[in-house]
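I have placed the structure first, in the form of structure tokens, so that the comments after it can refer back to it.
Chain naming follows the written order as A, B, C and D, and within any one chain the residues start at number 1.
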Amino acid sequence: MSASPAEYSVNEMMIAASARQLEGEKVCFVGIGPPNIACNLARRTVTPDLELVYEAGVYGADPQRLPLSIGDPTLVTGAVSVTSMFEIFSFYLQRGLIDVAFLGASQIDRFGNINTTVIGGYDEPKVRLPGSGGACEISINANRVFVIMPQSRRSFVEEVDFVTSPGHLAGRRPAEWLGGGPYVVVTGLGIYRFGDDGVMYLSRMHPGVTVEQVQANTGWDIRLSRDLVLTDPPSELELNLMRNELDPEGIYTR
Amino acid sequence: MSASPAEYSVNEMMIAASARQLEGEKVCFVGIGPPNIACNLARRTVTPDLELVYEAGVYGADPQRLPLSIGDPTLVTGAVSVTSMFEIFSFYLQRGLIDVAFLGASQIDRFGNINTTVIGGYDEPKVRLPGSGGACEISINANRVFVIMPQSRRSFVEEVDFVTSPGHLAGRRPAEWLGGGPYVVVTGLGIYRFGDDGVMYLSRMHPGVTVEQVQANTGWDIRLSRDLVLTDPPSELELNLMRNELDPEGIYTR
Amino acid sequence: MSHGGPDGGQEGGKVTSMHDAVAGLVGDGDTVAIEGFTHLICFAAGHEIIRQGKRDLTLCRMTPDVIYDQMIAAGVASKLVFSWLGNPGVGSLHAIRRRVERSDPAPLELEEYSHFGMVSRYTAGASGLPFMPLRSYHSSDLPKVNPRIVELESPYGDGVVYAVPPLNPDVSIVHVQRADKDGNCHVWGFLGCQKEAAFAARKVIVVCEELVDGRVIRSDPNRTVIPGLVVDAVVAEPRACHPSFAQGYYDRDNRFYVAWDSISRDPAKLEAWLEEWVYALGSHKDYLAKMGAEAWARLTPDRCLSEPVDYGAYSPG
Amino acid sequence: MSHGGPDGGQEGGKVTSMHDAVAGLVGDGDTVAIEGFTHLICFAAGHEIIRQGKRDLTLCRMTPDVIYDQMIAAGVASKLVFSWLGNPGVGSLHAIRRRVERSDPAPLELEEYSHFGMVSRYTAGASGLPFMPLRSYHSSDLPKVNPRIVELESPYGDGVVYAVPPLNPDVSIVHVQRADKDGNCHVWGFLGCQKEAAFAARKVIVVCEELVDGRVIRSDPNRTVIPGLVVDAVVAEPRACHPSFAQGYYDRDNRFYVAWDSISRDPAKLEAWLEEWVYALGSHKDYLAKMGAEAWARLTPDRCLSEPVDYGAYSPG
């Protein structure tokens, strides 16, 4: 049984769709907020053996509650391994052991280049954003990058104000980069993938969304998959887990 | 009360003299064998607070028995810190935290350049020696290097067959090297220091040794200190500690 | 095992008060790192720096967090070296944003890296290396705005990496769970950059939850993250990380992090908060008294002990 | 806490026998590292490699130690990568010396570093870096005989360091005190390069003193030195390090190290030793039975337990 569009929020759809993308993945570098809920939802549905890596220094976390911060003590107690941040970045990420990593984005362009640094100029920013954190090296070294972000003309832009984390550049990544770059982008409207030329295309639309709506919220001429299909709406199981276990206060899902 | 020459061995004199050189030192990188006995003797005499660092990964060892190997479990139990070898070499040695380090030598020249690699040519060695171990980086990064070694025309040579660990080169060490290089050499015959030009000179002779004997066991014209004095013979306390506590089987001292 | 608080019989060594440690070791104009990645962030040290009116500091931290928002609002710093600027899990640090976006009330110089860049800078500093190589920054705009991030060809001809320079703070302040009077420290849970920041610094202040006998440290030498060798002062200041946390001792006070958002949006409210919770108090003990004991019931976890390990007693054979 | 030996109820996971681990993962011509710096040297794995008649291996170890003298005498290797070649605390490794000094019975190729160089090579390999910089080798003859050690200018114009290339063994074999069936490992005492060698390798065999429940590992995640993520096989083989040691489990058998000197001086005695203690035995269990129980009384230390730490139980609040 699936819920009808009225019965779930845009964020619930986005997170459920993200979780399903993790099927078959083994080691996931988790960010806080929606990625964290998506990963924990995936562990309870499509991929129970998913190992969670947090940049704070954890491999194999087994959180007993939903961590609010990326550095919550519940990520430590009962984990497989806690190590220095140098080792997480060197021995896990840079060694190529991370299958998939989640990134958020304030702005993204058609090549998956991501800005989380500033809106406006760097020296006189209109809005000062948090900056890279680990995103720059994650985008270069993780085998596949999954992006979760809200979609609008302000976030899906023709040109990002600042490249914090490189995507497919203008279509080609140098051979010495370990990772494959952005692999999928999940928004409140649909699921995007990248062609061989590194350009983003709409792969799936969420129920109730139209192509016109997608284009209206994209700052460039969006390319469509030839076999564009609809995302399945969140299942009752997915909704129950999000609402009762993973985010009972609805901080990220409502 | 001091013992007369007949009452102690050459090695006991050498080790007692080495231990006294540690007065005022704080952090010492210890090698196995005579250096290990000298350091533990110093902790019981001239410098009770000397902290022992072993390249196997120990800072602040408190051995309850004399370790035969540089990696004896008694160096771990009750130590202040046990860490990876990468950190011992990076965070302690290369960071400049090692005041004094002991090295042995199969051959040494007047500039304190040390060979522990081969006698003869590298590709067709007459004798294959152990090689560097940590000696090469110790000689470059420790604040002061103390050398303990037996002295003869085969060990005090005009030119070493292989420079494993650089000393004062031909008189000058580059500014980017952290450490000061060889500071003192203790043998069975005397104690040597280095002039401003990086050349070794005889600073003290052990009791019963003559200058002729020193020269006969040196492969170059040895320079003498203008105020050459005699080493004090091993004290009863030093001898008792070596014979009853530190090396009761006499492996290194007899 | 005998624990001793600051009044509990652990005399001598490097033990001192937070006031004296900060007064003696932190100077105007210094480069200061209060590290701890979400965990073990020593808020009490930051508050003491504010109280003593230090000026013109260069503050370093991977994640400036709420404590640097407070310190920068209080005017102690002219420059920030960092890699992620936010209130983790909540949103923005508004006092810092005002200074960066509008020079309000004064400009703040930024020197910006990624997390791996900052970690590598501390590691190079701790290792006595002139640089550390890493695979990051390719085609990012970060090197364009920070000329200290430079390209470097592999000497084996197999491609390009980037380099960052060492970071050697004048003073690093690190919080730990257990220390002895000589500054030998046990740390568990997230280690952040506490070790690297300590080895990299010229002077180190250790603040601990518990001052323990040296025998406790020596019972588990593999747990020793920082040796007293690099430590200049030891301050026993329990609960000094609130609203950050100390694994096994107290939880992160998420309510405070959420509440800070509205406080820091409003300069007047922020100033009033500093007045009430920092300037008007003499020490962290006053802060704890003002918080009241009840808050800690909510923040104190149940016990969850590690399995011990056997080091073996190797005596003369 | 529930321990389980190989027959003790720990089914599944990556658990296998030493025979099957070596047969399945070590191939002729492979680059193999059996690491462990004086501590945790897995002699039993070396003996199994000899028994299976592997050939043309490139053997890597900082300190070849007695086990590589045995393996090289048995003819399994054509090349040695190392930094200190000796019988620690005793003297020479005579079988290796014969091959190096007199090509007796065959030449042995050497690739030689210093300890820090080898440590840095494993670290570069574990870190996915094309090189690691270090302050060593200046004016030493080592770079002259090993062209892989190269000079490198700091990109900040502040001098020259040296670089070494990554070492990525085909197979690393590491001994640990505790592992669970997935290969998550607790290690204490000297850590050597066990972690770096494991992360650097393409395939990893973990040999453990005790196969423990995963809950034991998870009770102390900061003690986990190697995660199962990089481990391919787990072999429960108690006392597999003799005559090396396992901290807290058994002492170094110094008598054996001393005795090896006269055995290895004489090729005939060495061959007889290999016949008696390796070829004639089917497994390490046979070796232990042949040693007899009495030897272990001398080698077993008294207990000396670490103070536990409290991780705290942080449940839904």
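We take it that a residue touches a chain if its C-beta (ideal position, glycine included) is under 8 Å from a C-beta of that chain, and two chains touch if they have at least 3 such contacts.
Computed from a predicted model, the values in this text were never measured in an experiment.
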*Leaving out chain A, how do the leftover chains split into contact groups?*
one piece
*Taking contacts as defined above, which has more of them, A-D or B-D?*
B-D
_Intercentroid distance (Cα basis), chain C paired with chain B, Å_ = 40
*Distance between the centres, which are taken as Cα means, of chain D and chain B, whole angstrom*: 29
*Mind checking the centre-to-centre distance between chain C and chain D? Centres are C-alpha means, answer in whole Å.*
37
*When you check chain D against every other chain, which residues touch at least two of them?*
123, 128-129, 134-135, 158-159, 188-189, 191, 195, 222, 247, 251, 301, 304, 311-315, 317
*Can you list the residues of chain A that touch 2 or more other chains?*
58, 72-73, 76-78, 82-83, 94, 141, 178
*asked:* Going by the touch rule set out above, what shape does the chain contact graph take here: line, ring, star, complete or other?
replied: other
*By the touch definition up top, name every chain pair that qualifies.*
A-C, A-D, B-C, B-D, C-D
*Within the complex, which stretch of chain D touches chain C?*
1, 128-135, 150-152, 154-156, 158-159, 161, 163, 165, 177, 186, 188-189, 191, 216, 219-220, 222-223, 247-249, 251, 298, 301-315, 317
*Can you list the residues on chain C that touch chain B in the complex?*
123, 126-129, 184, 195, 199, 214, 217-218, 221-222, 224, 227-230, 311-317
*Residues of chain B that touch chain C when the two form their complex*: 27, 51, 58-60, 62, 64-65, 72-74, 76-83, 90-91, 94-97, 141, 178
_Touching residues on chain A, where the partner in the complex is chain C_ = 32-33, 55-58, 68-73, 76-78, 82-86, 89, 93-94, 117, 122-123, 125-137, 140-141, 162-166, 169, 174-178
*In the complex formed with chain A, which residues of chain C make contact?*
37-39, 62-63, 82-86, 88-89, 92, 96-97, 100-101, 112-117, 119-120, 123, 134-142, 145, 158-160, 188-193, 195-196, 245, 247, 251-252, 254, 257, 301, 304
